[in-house]
Amino acid sequence: MRLLEYQGKELFAEAGIPTPTGKVAQTVEEAVAIMRANPAPSVVKAQVLIGGRGKAGGIKFANDERDVVEPAKAILGMNIKGEIAKRIWLEQRVDIAKELYLSITVDRQSKRPIIIASAMGGMDIEEVAATHPDGIAKYRIDPAMGYWPFVGRRVAKEAGIPKEVTAQFVDILGKLYKLFFDIGAMLVEINPLAITKDGRLIASDAKVDIDDNGLFRHPELEAWKTDLPSDPLEERARKTGLAYVHLDGDVGIIGNGAGLVMGTLDAVKAAGGEPANFLDVGGGAKADIVREAVNIVTADPKVKSLFINIFGGITRGDEVAKGLVEALGGGGWSKDKLVIRLTGTNEKEGRAVLQANGIKSVETMNEGAKQAVALARA
Amino acid sequence: MRLLEYQGKELFAEAGIPTPTGKVAQTVEEAVAIMRANPAPSVVKAQVLIGGRGKAGGIKFANDERDVVEPAKAILGMNIKGEIAKRIWLEQRVDIAKELYLSITVDRQSKRPIIIASAMGGMDIEEVAATHPDGIAKYRIDPAMGYWPFVGRRVAKEAGIPKEVTAQFVDILGKLYKLFFDIGAMLVEINPLAITKDGRLIASDAKVDIDDNGLFRHPELEAWKTDLPSDPLEERARKTGLAYVHLDGDVGIIGNGAGLVMGTLDAVKAAGGEPANFLDVGGGAKADIVREAVNIVTADPKVKSLFINIFGGITRGDEVAKGLVEALGGGGWSKDKLVIRLTGTNEKEGRAVLQANGIKSVETMNEGAKQAVALARA
Amino acid sequence: MSIYLNKKSIVLVQGITGREGLYHATRMRAYGTNVAGGVTPGKGGQTVEHFSVFDTVSDARARTGADTTVIFVPPPFAADAILEAADAGIGLIICITEGIPVHDMLKVMSVIPDSTRVIGPNCPGIITPGEALAGIMPGHVFSAGRVGLISRSGTLTYEIVDQLTRAGIGQSTCVGIGGDPIIGTVFVDCLRAFERDDATDAVVVVGEIGGTDEEDAADLIRRKHVSKPVVAFIGGRSAPEGKRMGHAGAIVSGSGGTAKAKIAAFESVNVPVADSPADIPSLIARALKLPARV
Amino acid sequence: MSIYLNKKSIVLVQGITGREGLYHATRMRAYGTNVAGGVTPGKGGQTVEHFSVFDTVSDARARTGADTTVIFVPPPFAADAILEAADAGIGLIICITEGIPVHDMLKVMSVIPDSTRVIGPNCPGIITPGEALAGIMPGHVFSAGRVGLISRSGTLTYEIVDQLTRAGIGQSTCVGIGGDPIIGTVFVDCLRAFERDDATDAVVVVGEIGGTDEEDAADLIRRKHVSKPVVAFIGGRSAPEGKRMGHAGAIVSGSGGTAKAKIAAFESVNVPVADSPADIPSLIARALKLPARV
């Protein structure tokens, strides 16, 4: 669950990490009211998850309540690379002397949280890594040890953080680690971590990505979910526990297991087709889940054919077949625009159900992919 | 810092560990008021640190506000093995079906916290250990791993905790470990951990000993210190940062380093004397600390001679000599009832100061011990 | 021979009284696995489908001599189950559970002893065809033979194994290492084990986008730690950047972790990468110079 | 030869700009120790008494090749200092600081690698007479020789060493392991090291009440892991039960940990226990069959 800047900054503030004073607005009127209450030179920032909002015109300035009308109007509703800015964040400007970079993410290789810091902040860290590898300090924390101040001092030294702000840096990093740990984050990033002209460190931006698997421990974040940009079908799938990703093609795809579904997408592409989606029914899906999966995929008007590819392990073929029959019975989709390939656990029982309902099945994934692409073109 | 039962139970309650409803009283009037507000069959318990208060008559019963007068009168001010009960704890009686034992302490050998549990609670655990070693379960927790529910399940199984209360036991143990860890305890003990007739687990007693070295992280406990029984000289020494223990003999002893002071006590005993105290000025003591040490030891009217035994490492001989001269200059003690042995760091400078002030010194610890014992007898 | 699991393995099922746990315990036993019983706290002493149930892993191990466990426990309790097994001295811990918080696994992997092997979580388990199955794989698609397989994906594994079996190429051991960002056993571990295994002649590596597990495997081969032939497949080549594709692990970001980078890494150490699962049998046959039956 | 410390050791002082740190750094250098510099966060680049000061141990180690550190840092920051040294790859960490919270040391010892040796905390350090001193011991009472010494007490050590030196019995290495409940190196560790050390012929163990370190040492001897003669002294024999005597470690409770139990443990493995520090030289002389000079 990736958070918007204003949500991340709220978490930062709760964690004791200094952030500029700011407020979020959904309308021009709200923006005006905020500026009236706090008349100060401010930054108006589009609240979107997509990167590069600055270049797209999603960041503007305002000095007072009259001044904010134009930028607020311009940004609210702005389409930034396909994402609509539904909110703006108004925050008081700080005089910045220098910009640093600081983040913590999960390093799969070492199986540890990794701190990444640089005295070259404000730009894309991957670009810094490519052009100035020595300008980046990395430290993998043993989760059993946790964060200790020496880690911050070592990182600060290696990243070339100015000595005058090292103590603040060590303190902020400790709080950031605690937040990362407490909230179960995959990423917490401050870019830029600004040094103000009067020598204070302050988080100018906030990027927080929380592990979806750990969200059940944070019911307090539930309210924020509705503020996040989402695809209606992805949202519907999420509620059923299905992993659905909306894509641009016309061949609907349902499978079980992320690897197999990805392999199926690859096969459809290799057969000259364009997948309309990724949908993984997961392990052990029952008939009702399969029915809902068919309904979600076929609710996309671009979908012209549907390829269901099931290799049963924990998922049982008969359950898949039953769910499919139920979905087709509901009248939402025709069996003529459908290719199914069913093998593995209870495949015989599943195929019997399909045959009894006049649904034909194919033997291999590549064959299914070809037929599905052909059906979409028909 | 060992806590009184009522203090321990307050910590338990904050930690979510079930305890009987109770209140503390310093006077009979307070006890009556408490019983008036909460008229229920209650236990009246002397708040002392020393063990065996039950056998000494420090635990009595009362049913109402009139009923409490006698027990409160009897217990308040009671001398239990030398410790005066200044407070009583009044708690509502619970119907107990069975008593368990549960504690966490620090195991030096494994360098880990150790959980000790038994289905045989309510008695001295060391006696249980001696007579029924199989009736005790021990588990050493890796502090890096921390407490996980499986630890509680394993301990419960091995200790023979009844199955019906295992889930409660696992929960209480988790909370007890968190308290142990958060408060920096050397010991948290619940004996007995009662199973009530209606199947609930409840902490009938509470013993908490907090690591003195970690107390600076818990300023909130400062207020409780004044409620704890203490020797006025020990209290005075504590404020100066000196380790002083009041004993029963007549040879006052000051040294640097716990081991050397203990060795000095042993030497005085071996020479046929009785140490009046243990006083360790610690490492690197300055003149003012030494002066205060002399004043504290000689404030005990039983002290007849004083033996100062310094082997300088971090402590410097000249500082010790200066402090001693200052103390004697104050007139509190005569150099005739004093034996000093000074060697190690800056011993020459120290001896020069002593000589200049007419204070004689001995060469060895055993010689010093003999002279000090002789002086006490003179 | 085989790696990690064989017919002598004594297997427990944690969460055996749950629906999935019991279902798969029964299937494992039917496959021939020595399932010695299971663990469900509070249900010790019961019997389900002739399996003995114990309250704790420690108790179960003491009474059965189990050396392996397969975990079917809901995500909030799975880390506790893994640590319980490790604490009880179980040497091979296979965690099937999907949806365990990443931070739970960070903690688990940081405190678990080096001598304990964890496979998964979010994995289909491990099978040594003809000997034992510890997991949820459909046993009938596997066949005994001399090709090892390691995969980040469950169903894609079955797909590929099915192709191998149909082509007459049997498997020594197949390990589903799981699709989560933090997993106990990675490609490199399995490659080292297969290299030492007398019963394995070649290895199939089934990777996918995200992480650098495949690049690490290629690096191991580059450093000459693997002498046996390896062939690979990478799933998710058509996945758009920045989209999460089901597996928490399978998200493409940055230049590392793309299918392109992984394929290039393998090709740079002369590991052929199949375009489709269907091509794997012929690549293996070529690597082992088998008769051209496929 | 010697154990842990010798003239080649390159020593850092953490907290070198503090009063005690600087004082003892100077004394160590005067003794002949190779003190390569010190660490004080925020003061890197400065020089004190000709010692280079670094911001981090990692930096100091990279620039000096240090393998040993002596820590003089206030108690709230000492655990951080120990972990910093371990993280930077320092192999021998001597923590002088008194008053570190026990829970800090529990944490430190649970995460520190086995390859890192911690001595202390609340200890006087270690000395290999004539070669190097890393700690706060008064160097002049020590003399080079072939008797090793391990002690839980600082000043009692000086007392005993003084007796040995006066009796003409020199020391190979003397280790003050510290008086806290949780310490990095215990008697058993040192006994094993002295057993392997060619330069040591016999060992003096200076114990005190509390804990079971002495009993563990006796047990090691019982299990025939120590072939060299050992003599012992136990401080605190006259301490009343339940009274805390300065050292957090020295509190008598239960049957384990009393002076009586410790003396009995040593005597049961034929380790003579001295009644007074003054008796130790003669016990050593007898054990080594030295000429009756003492």
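Just so it is clear, A, B, C and D label the chains in written order, and each chain counts residues from 1 on its own.
Simple rule for what comes next: a residue touches a chain if its C-beta (ideal position, glycine included) is under 8 Å from a C-beta of that chain, and two chains touch if they have at least 3 such contacts.
The structure displayed is predicted, hence computed values, not measured ones.
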Pair exhibiting more inter-chain C-beta contacts, A-D or A-C: A-C
Here the gap between subunit A and subunit B, centre to centre from mean Cα coordinates and rounded to Å, is 55
On a C-alpha centroid basis, what's the spacing between subunit B and subunit D, in Å? 27
Multi-chain contacts in subunit B, i.e. residues touching at least two other chains, fall at 142, 144-145
Indicate the residues of subunit C shared as contacts by at least two other chains. 107, 110-111
Sort the chain contact graph into one of these: line, ring, star, complete or other. other
Interchain contacts (touch definition) - all pairs: A-B, A-C, A-D, B-C, B-D
Complex interface listing, subunit B residues touching subunit A: 144-145
Going by the contact rule set out above, which residues of subunit A touch subunit D in the complex? 142, 144-145, 148-151, 153-154, 157-158, 163, 166-167
Enumerate the contact residues on subunit D facing subunit B in the complex. 20, 24, 75-76, 96, 98-107, 109-111, 124, 136-138, 141, 151-159, 162, 179, 181-182, 206, 208-209, 211-213, 216, 235-240, 243-250, 254-255, 275-278
Within their complex, subunit D touches subunit A through residues 41-42, 44, 55-59, 77, 79-81, 83-84, 87-88, 107, 110-111
Which residues of subunit A touch subunit C in the complex? 106, 108-109, 111-113, 126, 142-144, 181, 184, 186, 211-214, 216-217, 243, 245, 247, 255-263, 265-270, 275, 278, 280, 282-284, 310-315, 343-345, 364-366
